[in-house]
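Following are the structures in question.
Presented sequentially are two complexes of chain A, the first with chain B as partner and the second with chain C.
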Partner chain A sequence: MHLLLDELTALSRTPYFNKSLEQYLDNLIRAVRHVVSRFDNFPSDVTDQIAETVWLAAKYLQGGTSKAVPYETVYALRLALMEWVDQPCAITTALRDDLDYHFWSIDPGKVLEKFVPDVAFDSELIQIALPKLYRHFPLYNVALYHELGHFVDSKCGVISFSLIWRPPRQRPRIAEAHRKEHFSDLFAACYTGSAISLFLDSIASDAPISATHPATADRISVVQDFLSGTPNPIVDFYQDVLKQRGLPELNKRYVSPSIKPNFDAIRTYPIADNAELHGLIDSGWIYLCEAYEQKREPWSAMSKQEIMRIINDLIEKSIRNRMVKLKWSDATNHGTSA
Partner chain B sequence: MQLITGHLLKESILSDQEDSIFLDPLLDEQQIGPVTLDVRLGYDFLVSVVTRKPYIELAAQSGASRRGVSSYFQETRREVGDRFVLYPDQVVLTTTLEYLSLPTNVYADVLSRSSYTRLGVHVNTMVQPGFKGCVPVELYNHGNNAIELVVGSRICQMRFFKMVGNADYVNDANIRKYYGDVRPMVSRADQDEDLPVLEAARQSLD
Partner chain C sequence: MLRAAPERNGALELIRLTLKLVQHRCENDISDDLKAHFARVVREAKLLTSDPREGSSAVSPESIELALRMSLYAELLESMEDVDGVDTISPELASKLLRTMENQPVYSDQFAFAP
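Coming up: the complex of A and B.
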């Protein structure tokens, strides 16, 4: 526990770009310090649980200080999150050496609040991991919208409610896992349109049904029905669940911008609003697939690797430029005094 | 070549025509001067670090392992408005905040603004016709004191020249080493095609 405290303290001395993360880390350090100072008063199973939770949180929080996380994608995720969750949340991302994306659902703040009196966290930590290799590939990071869908499900109790409201007829654990995956796919599709199905197709097109995931073909089919407005009982099921829970309905919360004139000239796209910011991922995926297949100008002289790099960079820079313009406009409209 | 000035410069930068000078974001039109365009310090940095290897190898060597150039630099990022300290005798690679796209008949020079040159920060680089990307900026502090730079500040100025003909930068893979980049890239001098030829020349008998 002492080592963990040292680790967290070291992290707190590296500045984050996000005030809520800094605040969260300060709270975490205070809570762990309290546990360390009264270590013998806690049962060993409690200190074990706290240590494991804090150790995992440190890994995710470390990502936030690495100055290498996909800030543009995290910015887009924050915008999406605000439409579903009112309470303050802080997103932290861990960069992994393997190719796994995931969401870690245990908030260390909640664990510590349970055991440590007088400790209160004013925001919830969303811990998402992504492959380090893809940190500059916002099109591949469409998977993070899916992972955010898992957080929204967990936070708003979408699937847990559905299991009570409409219990599965058989194999409840598998049904629960599949419901979670379909919901997160649909959540991602609300913001990124066909990008999530193109991504699934590109990484696991032949994946069969398993205990944890529906078959990729079924997942893509549900997303495509949702996007095309084709009646689908799975989509209808979630719409009913969300209505029962008083949550926003699943609908297209993006506008796919016409990026062709800009991207054909290898220029960034000036994003007009948040709907276009999310929709850029949809347009970007469609554009990337066409650039691969058609091999037209200006891409004909380039390798697939170069095409992928440049298009992803144009997406990342377009989002960053939107962020910079908003900050600039905010600073010039509200004065420059700190 | 003709220097692009006055209303022609402004017109080209504010136009969305394919043959115009494209700049994104243009945070303030005041950046466009009568002869030059001020560009801002970007937010990604590659900072030169000292390693156990005493020098950066560039010469071609068959079969020998060579330490990658990128391992001599450490990546870091700041937000707009953040500070970045440039130490004396330190090489730091960064880019302009702006993404630039040049027509195939326009060439540009990038120079540090006088205010920064007076502090000991010299920038002097060129941008090929048809270039696309954030303009690479190689920072070096020639002074005796560390300098606190502000990300997003107007650190450089560019002057643009219109050429009589066009230069096909995009389709020439030899000179397209730094094309479409939105963040600083380390030198690819070790990939120059001349180097294996020079190595062969060294080994050949007189």
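Coming up: the complex of A and C.
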């Protein structure tokens, strides 16, 4: 714990790009100091568990100091997250060397608050991880919407509740895993439309059913039924579970903008609102698939690698322009009212 | 790996910590806030186990997780029968509950995207 305290103190001297992370770190340091001062009072397996939580938090917070954060992707995910979780969240990012996406939450505050007087954490710490190679390829980060689905499931107890409410008839572990995957696919489809199907098809088109995942073909079929409004018992099952839990229903929370005129001219698209911001991922994937066919200008003369880079770049810059525009508007409105 | 790491289940972290403190006879270190939290989770989990329709948004995910384990593992359900708060748990019972909860995790915290 002493070493962890040193690590956190060193981290606090590094400039952060996010005020909520700074505040979180300050609280964590105060809480850990208190635990260290009373270390001998607690049984070792209790301090082990506390240390493990703080250790993870330190790892997460390190990501908040990185200059390589894909702000556009994190911005879009934060917007989606806010529609499901009331509690403020402090988001950090980890860029992974391997092909790993995750959206994890750790809440050392929840634990420490119960042991340390006068320390109140007002936000939950979340880590978004994505492959370093894809940090400027927002279309590939559609997987993070799926991961956000897992996070919402865990945070709101969706699948756990479904297992009590409608227990599976057989193989509960497999049923649980499959329920989680279908739910997260549908969650991603709420924001990115067919992009999640196209992504799944591109990375695991022939994947058969396994203990942890349904077959890709089945996953895509459920998503397509949801998007087209075709009745599907799996979709209905989740709508019933969400209703029972008092959570929002699964529905399309995006609008797919017409990006063709802009992207054909290699220009960014002016995003009108948050629904279009999410929908840009759907439009972008459809546009990318067409451009890959290299049948029309300007894409016919380019390599697929170039096409992929340029279209991802246009998506990223379109989101960035939206972020800058909103910040500018916010700043000037403040200026006027002041 | 130097030692086997127990599978973690973040949703029940506070419940496990509370039980560990009871197990080690450190009840004095359990704050009133933590005692109230423990009692609420147990009460909600029991209610949900007896009637799954009681899963409204007011019920915490922690309670759902405990209820799920209780409905899956008869031994845990039975052990919890007379428990309604920290004061009703002996160190021996705390050890037994921890064993049942830790050895048979329902789900992992990790959500790596692996289609």
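Note that the second predicted complex is superposed on the first by the 323 of 338 C-alpha atoms of A that agree within 3 Å, B and C clash if a C-alpha of one lies under 4 Å from a C-alpha of the other, contacts with A are read in each partner's own complex, and residues count from 1 in each chain.
Just so we're on the same page, a contact is a pair of C-beta atoms (placed from the backbone, for glycine too) under 8 Å apart; a residue touches a chain by one contact, two chains touch by 3 or more.
As the structure is a computational prediction, the values presented were derived from the model and not from experiment.
Using the contact criterion defined above for the overlaid structures, shared-chain residue A:R30 touches neither chain B nor chain C, since it reaches no partner.
In the superposed model, A:A301 lies in contact with chain B only, and not with chain C.
Looking at the superposed arrangement, the partner reaching more residues of chain A, out of chain B and chain C, is C.
After overlaying the two complexes on the shared chain, residue contacts for A:K260 are found with neither chain B nor chain C.
Using the contact criterion defined above for the overlaid structures, shared-chain residue A:T268 touches chain B, although it does not reach chain C. Shared-chain residue A:K243: touches no atom of chain B or chain C. Of the two partner chains placed by superposition, only chain B is touched by A:K317; chain C is not. Across the complex, chain B is touched by residues 17, 67-68, 71, 136, 265-268, 270, 298, 301, 306, 309-310, 313-314, 316-317, 320-321, 324-325, 327-328, 331 of chain A.
Chain B contributes residues 18, 22, 24-25, 27, 43, 75-77, 79-81, 97, 99, 101, 132, 134, 152, 170-171, 173, 179-183 to its touches with chain A in the complex.
Interface of chain A with chain C (complex): residues 41-43, 45-46, 49-50, 52-53, 100-107, 110-111, 113-115, 143, 146-147, 150-151, 154-157, 159-161, 163-165, 167, 172, 176, 180, 200, 203-204, 207, 212-213, 216, 219, 244-247.
In the complex of the two chains, the chain C residues touching chain A come out as 8, 10-11, 13-14, 16-17, 20-21, 23-24, 26, 29, 31, 33-34, 37, 48-49, 52-53, 55-61, 64-65, 67-68, 71-72, 106-107, 109-115.
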